[in-house]
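Per-chain residue numbering starts at 1, and chain names A, B, C, D, E, F, G and H are given in the order in which the chains are listed.
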């Protein structure tokens, strides 16, 4: 894994399309990213490995999208100190209520930054990542303003 | 950690009293257990260590009680192949809805056995553990029947 | 009913397909099972009969899948002391919220082991049953590890 | 158990006070009743026995109050063909949402008549029982009208 | 409106199909019924008129099916002293949660007997009505037993 | 009942304190009001009478506060064509979810204007009533602006 | 923007069809309206501009329809003192629960008048607007009565 | 307002204690912050002013805590392009469900980073802010690691 600005992890292949929105939005901002499938429960070693690389400087921000008992963002947050953004994804039984509550209700000290559920959330995770990256890369500031202008006028 | 039949893990010191009900219930059945505090999000290394010992034969059954975005049971389940029982605990903002959905909605292949929320659940986790252990320790069968008789007559 | 390791009961014919996932998963582990339709409310005598056979040694573990006011797992749990696994199934009016709460919120002393709702839950009920059976049948341990490896790498 | 018009069953001693409201309301109408504690999950044999007596003519109407995974009313309904009225009672974790959904969502063919949760429900179960009994005992009709008048003017 | 045993009221034409299940079920028991469309909010005078006829002896039992802020059963219950059975119907925005809570949470003194949501509820309302009518018409008792036998064996 | 600008109806004496906030807020604006207890289910005739007086010009706006299966606002709305404002009040079993859904989900053609639950809602019902009245009484416009200024600076 | 009686704002183009029901209903009453797309979050300046025009007398009543974290009605209410009616619209993840709670739970002092979710709400917002306008335009009173009569007989 | 790293805004004085946890946590990291009370609905001009100062460089990150129909974070996010962190606060009627959904369900393009509800969320908002700031201020990295170590061992 070469270094990228944003590592996007998705818990299941079936949600790749939704999280691809995050990758495309980042691309629109000229921000490098990588989209990886890794399940917190089914591939815990792979998730730990991703977290280790991130913590060693492999990425500045992490985006994690998962459904149901969505532990992916929380697991990555527990293993790194970079900002971790969680996207609650929809599933059959409880809409996005299970994934939202599983992602947002982290204990004091280990935050996850949760955005809207589903596709709007994938886009918003990317925009939030750009807002965060713009703190150190000032060239992103005007791009954020332009992005806003496109739909605000 | 010497070997015990049931390892009880609780995610926060503030929930020790509730999960102590599980330990006492197991004691009533003559089943050895150990009660440990370890948070999936705040002490991920400790939780992994516990899982490793369990997987090496340190316990036959795991009970995990946690509140909010309760990942404890799911994390232990993702790292072991012994039965993991989850007890959803109550917190301020969403009662036990957040912990219930975070614990029960595991993806296909990595089950958690979830029982009632709160104290009734701590007791039930213990009784379920005894039912499971009775498969290999036949002497527990009559004790389970007696236990039932006490409140069924 | 000849002896089987796992008795799978489903509350309604319309949910047979979903619970068939449990049977197939058990088959993949080489664990014998039987899949029976019996409704707690519409066929209470049949359910009692099944419970009696289980309690006399007809099965080591019970899996019960039902929707709506899902009493099937709870009824079987109240009549046996073997581990009873409940799978909340979806219906029109409340998704799986009604079946989840009806199955999981058992009173102290009579546990049901609840897994995810719907098809993921049917698979997980089977895997949990294998984990339980592996306590007395050591040959299942390596099969569980292999099963995990298939999706964890 | 001598014959009474209404058999009131409550799932747990801790809810006796709430269901006592039903008994007192029936008394106010001059309708005989008996209040019994019996848990569907902890005392299934006792519940079956009560159902058998009811079905043999021991009572015209049954009222059942229970909390959590409230199967009491549904179990009695599955074993009798007299009207069974269910009162969802409150518990810590989910208010009365678990008991309401567990009581009301019965499958086609086996109805439970569910009233409001908690004390208002205990009173309403009694009034509903009187309305039902008034079909065969016409002397209850004017008492129902008087009862209404007391709070309607 | 000639006298009938059961008056079935449905709040909207669009729900006629669902409530027709109640009429057919009653017909199967040989119980006379009439199915009328009347909305508590859009046709309050018509609903009051129906209630008046019922209270004057026009029907022994009322079944009311409605969706959303379902006041139909409650309004009829507030104007009569015969048993009123409510069927919560599904709508787009909140499934049947709005109609269930609107129908069941009646204040002390004015009960509605609520059954399952949707089609299962329409059938159950009819069966409950037959159970109630069987108190004065003993010939319905064996029919109820036969009805149960059909699906219980 | 002499004419008043706003008729405030509350479904139960126990909620008088909460709805008194509406009366006091209106008084602060110099708007005449009357606060009456009348239950849609327990005193349907009184509610109809109030609606008739309103429809004959007795009030310009109606505020109705009720808990549980809150039909009060909807019933008044079904009988008048003046704006009816509903305040969902809290009760034990479901917080304000039952009263909110029962008040807001009115069928097309018969609106209720629902505001926040509880005390904030009682205040807001009054402010909304003043906003409505200001359409015909221009002197209320500057008072509304002053009211806003008090907390906006 | 020429003056109109009712300004209808919708937060997203994708919800234009739903809110068009409000415009058509107002048209049926002969009430002038204008339907504008403006998002509280994506076009805050446009929303502020609309509010300013309204506050300067551009409209007597505002209707705002939005989904998800629906701040549109609340934002308009915070910037004007005319009655603002909110219509909670449906989205994928939480039905209309998110938009309903986001619209209705306004703090004391800044009311929004919330109606049913979805299309029924769009119609009801229009009818409520007409009821409000009828306070100053008496000619609308008989039209409201006729409108009711059409579906009440 | 002198420049600070993090601007903390709270919607109501009554929630100052909860959000003070954020200020104290930031102080522990040596990060400058300012805690201001400003309500999105009651003081929209003040909120806009704060947003303008932020957008002109007055702060790198914004934290906004609010209850009920919590629009504060969303309003600030709609007016700035710095990262805005939302803390859903508890209120009487719906726990934190109303504030959570009102804060998190932002439309595509305008993200809010939502953390846990209540006090845990106030702490987590601060830690997340530090994680974000650490992208440009490398000296915060070791402090974050130390902070984690304190509770992880």
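One rule holds in what follows: contacts are C-beta pairs under 8 Å (C-beta built on N, C-alpha and C of every residue); 3 or more make two chains touch, one makes a residue touch a chain.
Model, not experiment: these values are computed from the prediction.
J.: Starting from the defined contact criterion, work out which chains touch subunit D and subunit E both, please.
T.: C, F
J.: If you list every residue number at the subunit F and subunit H contact, are more than half found on both copies (same) or fewer than half (different)?
T.: different
J.: Check B-C against B-H and say which one is joined by more contacting C-beta pairs.
T.: B-C
J.: Centroid from C-alpha atoms only, then distance subunit B to subunit D, rounded to Å. What do you get?
T.: Here the centre of subunit D sits 36 Å away from the centre of subunit B.
J.: Could you please state the distance in Å, as a whole number, between where the Cα atoms of subunit C are centred and where those of subunit G are centred?
T.: Their C-alpha centroids are separated by 50 Å.
J.: Pull out every residue in subunit C that's touching 2 or more other chains.
T.: Residues 39, 42, 44, 68-69, 93-95, 97, 100, 104-107, 109-110, 116-117, 120, 148, 151 of subunit C touch two or more partner chains.
J.: State which pairs of chains touch, listing all of them.
T.: So, checking each combination of chains, I get A-B, A-C, A-G, A-H, B-C, B-D, B-H, C-D, C-E, D-E, D-F, E-F, E-G, F-G, F-H, G-H as the touching pairs.
J.: Write out the stretch or stretches of subunit E touching subunit C in their complex.
T.: So the residues of subunit E touching subunit C come out as 88, 90, 95-97, 100, 116-118, 120, 148, 151-153.
J.: Going by the contact rule at the top, pick out the subunit F residues touching subunit D in the complex.
T.: By the definition above, subunit F touches subunit D via 39, 42-46, 68-69, 92-95.
J.: Using the touch definition up top, name the residues of subunit H that touch subunit A in the complex.
T.: Touching subunit A from subunit H are residues 60, 81-83, 85, 100, 104-117, 119-120, 123-125, 127-128, 131-136, 141, 144-145, 147-148, 151.
J.: Tell me, which parts of subunit E touch subunit F in their complex?
T.: Within the complex, subunit E touches subunit F at residues 11-12, 39-42, 44, 68-69, 71, 74-75, 77-79, 91, 93-94, 97-98, 101-107, 109-110.
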